[in-house]
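Here come two complexes built around chain A, the first alongside chain B, the second alongside chain C.
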Partner chain A sequence: MKKDNQMLVGIISSVISIAVGLIFGFILLLILNPAKAGLGMSTMLSTAFSNMDQFGKMLYQAAPLMMCGLSVGFAFKTGLFNIGASGQYTIGAFFALVGAIGLKLPWWACLILSCVGGAIWGIFPGLFKALFNVNEVITSIMFNWIGMFLVNLLLANMPFMLSAYYGVGTTDRTAALSDANPSAIIPRGGLDRIFGNSSWINISIFIAVAVAIIMWFVLFKTIFGYELMACGFNKEASRYAGINANRNIVLSMIIAGALSGLGGGIYYLAGTIQYVLEKSILGMGFDGIPVALLANSHPVGTIFSALFISYIKVGGSAMQPNFSSETINIIISVIIYLAAFALLTKLIIAKFLQSAGAKNEKKEVKA
Partner chain B sequence: MADDYVIEMLHITKEFPGIKANDDITLQLRRGEIHALLGENGAGKSTLMSVLFGLYQAEQGEIKKNGQTVKINDPNDANRLGIGMVHQHFKLVECFTVLDNIILGVEDTKNGFLQYDEARKKVMALSEKYGLKVDPDALVSDISVGMQQRVEILKMLYRDNEILIFDEPTAVLTPQEIDELMEIMRGFKKEGKSILFITHKLSEIMAVADRCTVLRKGCYEGTVDVASTTKEELSKLMVGRDVEFTVKKRAVQTGETILSVRDMVVGSRVHENNAVRGVSFDVKGGEIVCIAGIEGNGQTELVYGITGLEPVKEGSITLRGMDITHASVRQRNISGMSHIPEDRHKHGLILDYTLEQNLVLQRYFEQQFQEHGVINSGEVRKYANSLINSFDVRSGQGPVTVTRSMSGGNQQKAIIAREIDRQPQLLVAVQPTRGLDVGAIEYIHKRLVEERDAGRAVLLVSLELEEVMSLSDRILVMYEGELVGQFDNTVSTEELGLYMAGAKRMEVKA
Partner chain C sequence: MSVLANIISLTVIFAVPLLLVALGGMYSEHSGVINLALEGIMVIGALCGCFLLRSFDISGFGPSHPQLAMLLAIVVAAVSGMVFSLLLAFAAINLKADQTIGGTALNIFAPAFAIVITWAVQGQGQTTIQIPTWIRITQETFGMEKTDGFFATMFFKYQYLTTPIAVVLFIAAWLLMYKTRFGLRLRACGEHPQAADSVGINVYRMRYAGVVISGFLAGIGGLAYVIAVGSGFSSSVGGYGFLALAVMIFGNWKPFNILGSAFIFALFKVIAAYNSSIPFLPKFEGLKDQSSLYQMLPYIVTMIVLVFTSKNSKAPKAEGIPYDKGSR
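Up next, the complex of A and B:
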């Protein structure tokens, strides 16, 4: 089979899987609320494209999802399961907000800070794994909780960070950037005019796509990526080849952490959302896992899987009045779950094509 | 009688992407014969058997049993037709008992509960009848490889299979176990069972088989009566040319000392004691020094110590006058050490990488292959192609073939190409021909001797006495982590055996 052909089969199988997921989602809607099922489904599918504002929202949400997906996928390629994307994302958001509200830094400096924050949170699981062979899954789950409560604790003790300080009477969230430091808001680059004054859209989607392409280049075109993936595929053989596996584990976690951290930065520096002191771990980091899986950890594929999941989520939130948020989450999960069967569909299609090819050959022989 | 075929595979063709694994192959198995299937690695033996066992579907051709065309879609179909197979890598559940494994899939139950009594009786009867000694209550993880194989054979017998396929059954056995297996196979033949015996060891075919079908590069080369043929003729059929069984070497001309090891101690990963206990020796340029010994006497750890995969506890290692006792693997590589590892899947290759990526495994960072950290893919491709051509590494898609899909022999050739082309001062080769066929063995032996003749130091670790005797200029015998004998290559194998078994020992000094 030629390489182009394989690409085509890959794309077709993704499309089929997504279609099957949507059909199943629709069947579930029919069972849960037959009267509104048709409306619900069309809301889910059309919202993101119904107006420029919603389309902008989809792009806005896709950017941090993409970053978390890249983070998980990058670690996967090195043989690590970075389930700590959520903690890194939270710390990244915290660093960015401290830079923006506390230090009054411009937006780009805040984004750099968010990378630093995420990277620091990625170092620990990496070091524990490299030095003491502690499973990174356990460490990073713990660091998700540590990160969240640490940020809550710190923010509660930094009154100048909270919106109450700026005269808005709540102490459970950070100050709005428009009050505290408008220069920290990620510029819209004129996109808001194209997107019909959408309050969501900014250049973060371009940042995320650019980072995805850089990650693709790093993994597949550089000797650093060669080493990382060698460690991921076969640690023993990379030791044999003289590659310093432990160094690569730490570096990989630092990079993965920085990616998640940047995700946190771009989400909260959009200026539309304030960080609320949470009681549960932020879901964005965990959503990075299906984003990475759906893309088979491929950085460029991550762009599309993040857009897809963001699209479904934006549609889902518009279903609110007719369906409970739990129902919507179930539908979204079903769709994502079935979309992840793309790999299986790919095998089936390949098998089908192969047998069809063999039949054609036979016909030619007869003729 | 002569044409009483129990199984006929007629004009079988099976293709994989980029490669025709079986091209119009015909194999006819008579009732009650031992039929050998001979071919090099990658000749298509395993594919053909997988077609018969229902693991693959052939694109063309038909299979007949007792003259009737049959369709075999999966191993269950094969089982119903009385076809059983012992795979090269056993398919046993490690944490189940022997008895559990034998009845797995065909259990008798009563009200949903397993009925062991009948099964145990039948297994013990079969075990008795054919001399297949097993302990039915032992866990598979606790028993020897030889006994695991007997369990696999009992599995076939328990299912009343009449046609028994053995896929390279002797690769994992000791010489004594091989003799026992041959005896068991003869017993089956007497019972009227038909046996297909896949191998590339000619002596085993001569010893036990009635007829032999030879495959080469996926094509059918012919079927011969073993009684009227010779080893030489068979190997010529298999490889397509005359094969030399002995290696031609010129007299040894040693140069300066390349490697010197002094009082080296290396720990063990499996037990508390040290695996290598104070070993000292030198290897000079232009000689092949061979470490002989029975498996598990510290040879693996000795190599790990020298190549840097395992830290050295005591002693020193010097490479061309440079102390490398605590040097990293990378430093050792750069200083002129090449290593053909014992386990090509664990250490030698990154199986999910392409052939070209594997061929630069220790060199990707060199100036030639990178520019500011970016891989120069054109150079990598060019270099890979030159290695593939000069070492005749065969694969489906050339440099971009994923190495996992290559045959074992070609994987090994790729490693050897990579290691030799680095022009090392010291070449450490561990079991370089394990699991390979005569053609590939001949080739690898020739390459090793060429390296020696070019003045390089070669340290060879081998468990095969034949290989030790024909290649080495000097032999060191290792027993329980120590060197217990040093010989030139005129020593008799009997004498060597006594030292390997620990019955005799002498003082060995570097």
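Up next, the complex of A and C:
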């Protein structure tokens, strides 16, 4: 009974956060361009369901978001703030692409490689925290930048990875998988026929959902998961109970890194998008933070929150050129800001539910 | 020699934003609030400052009174930073929110807001605000003749009003922190807020002061960063807010140590940005895209430095923990 109530309170507080975020976004649109605000808002909210192609795009983007959300959420459960999902995602994508273009491996092997890449990048914040007491937030942020520059440096020195090697003029991106190694493209499993030949859709969304359910099992149904969460609740108490906190910090970051890395793998192995040598950090990892917060770090909740964030993102890019698609990030930031004092909102909601419950009981007594 | 003068001058101009923002972080953390939002505050400060400079440029006030216009832009950047930091203060102090998450929210908000506003003001797709050239301090500012020597390069090639202001603010920070009653009380709130409260210090008010001062400094720091980079403001400060946090940790939350580490970091930043034009750096034959290698350097150095300093770092003890009067 009590556990159900907690879940309900969590869901209600997330829905309130989303509602306030959307209202804030609408007010912003009204201020910027009153004449087109209504149109902009309806574009944002309806695009993902306007046709099967956009719906497929939403599902395609939701898969990596889900992985990054799981990564951030998993670290949260162990009391760590993994703001480095972006770097792990980048390294994961790089490993997957090396497997696909350089080593000509099939798609599933590339996905395993992407996990390995992300896990390697996740070790650093964990190790630095466990061994040297360096705050994982700073380490993760530094490794986001190091990861991005490292991938740029390595790709620039691996000419066989770039599209120019396959006779396409550009040198600033990796080769298209359809030219280099079609077997590395994640299969569509017949979904493209259902989705009206959408170029976006493939089985990655099912992979992500399956991983979410596995993570739920690991966290809530195994001793290992119990120990990790005990660490997150109270590090000292768990140490007193004989749990090796440092080992758990490192393990948790490795798993979180592998999850983000897999996200990078499934995004770039879809065959529709090539990795472009960037000068700024990829945003996907950062979008994992609101996904995790909205879901209360619950793996199954992450499935829904990732779908939601992907849904408004698809709508956001359709808002251009009337409004910048960055409007979506403003809405997301409002949602995170509200989630920061989730404890307070949850307390208020719980009280409200309690008093409502008490009233109902009274009524029953009267009747 | 002129290369050396250039490097020194550039290091100073890159150290200024790091110093200011790290000092801001220091105030906030000494009061007991982790200010992860420094990056976002810098963006807001830079946005407002740059827009003011742009409007001065268009109205003609700027070219005729360059340094006065610059001073006004700095004031506006500072005030906007203070206002924006209130959002963090409110969440962290009144609502006892998770400070890291609140800071992250502001960090996502600021660049998105900057892009949206820049679009709205400059028109679709115009995401860069150009910085006017008249803001630079030259020999003509002092009515001197233009020369080309070592010292002329050092003092008049890349310097702006932000540099002398940073010097003043640095001295003020040291005095305020260690020579005034306010500084002592601020530090007490970050070390042991319950004890501070028991002798009649208003912990909430002191923490507000700490966060708002950090907003003031980070706002100026944002403008100083954009000026230092010099290619206009396009809604980003390139992770400088986070680097400043590392500078602050390396500087052990003390003004003079922060000054030193700001210079070390700035030097690596200059090497990263100008590696191709610095003659005595190692050139790796056959390696493409060397600049990426040098651009990684400041972040790698940060990590190495943190490994050696974090074990015995003296972070304020109560930082990151919301103060609750009831839990004494």
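Convention: the second predicted complex is superposed on the first by the 310 of 367 C-alpha atoms of A that agree within 3 Å, B and C clash if a C-alpha of one lies under 4 Å from a C-alpha of the other, contacts with A are read in each partner's own complex, and residues count from 1 in each chain.
The working rule: a contact is a pair of C-beta atoms (placed from the backbone, for glycine too) under 8 Å apart; a residue touches a chain by one contact, two chains touch by 3 or more.
Fair warning: this is a prediction, and the values are worked out from it, not measured in the lab.
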| item | value |
| --- | --- |
| First (chain B), second (chain C), both or neither touched by A:Ile349 | neither |
| Partner chain(s) touched by A:Ala237 [first = chain B, second = chain C, both, neither] | first |
| Which superposed partner A:Met52 touches (first chain B, second chain C, both, neither) | neither |
| Touching partner for A:Ser280 - first (chain B), second (chain C), both, neither | second |
| Larger contact residue set on chain A - chain B or chain C | C |
| Which superposed partner A:Leu127 touches (first chain B, second chain C, both, neither) | neither |
| Contacts of A:Ile12 with chain B and chain C, given as first, second, both or neither | neither |
| Partner chain(s) touched by A:Met142 [first = chain B, second = chain C, both, neither] | second |
| Which of chain B and chain C A:Phe224 touches, first, second, both or neither | first |
| Chain A to chain C touching residues, read off their complex | 28, 32-33, 81, 83, 128, 132-135, 137-139, 141-143, 145-146, 149-150, 152-153, 156-157, 280-281, 286, 289, 293, 321, 323-324, 326-330, 332-334, 336-337, 339-341, 343-344 |
| Residues of chain A that touch chain B when the two form their complex | 1, 221-224, 226-227, 229-230, 233-234, 236-244, 358, 361-362 |
| Chain A partner contacts - residues on chain B that touch it in the complex | 15, 17, 59-60, 307, 309, 328-333, 339, 341, 346-353, 357, 361-362, 364-365, 369-370, 373-375, 377 |
| Chain C residues within the chain A interface of the complex | 36, 87, 91, 95-102, 104-106, 108-109, 111-113, 115-116, 119-120, 124-125, 236, 239, 242, 245-246, 249, 287-289, 292-293, 295-296, 299-300, 302-303, 306-307, 310-311 |
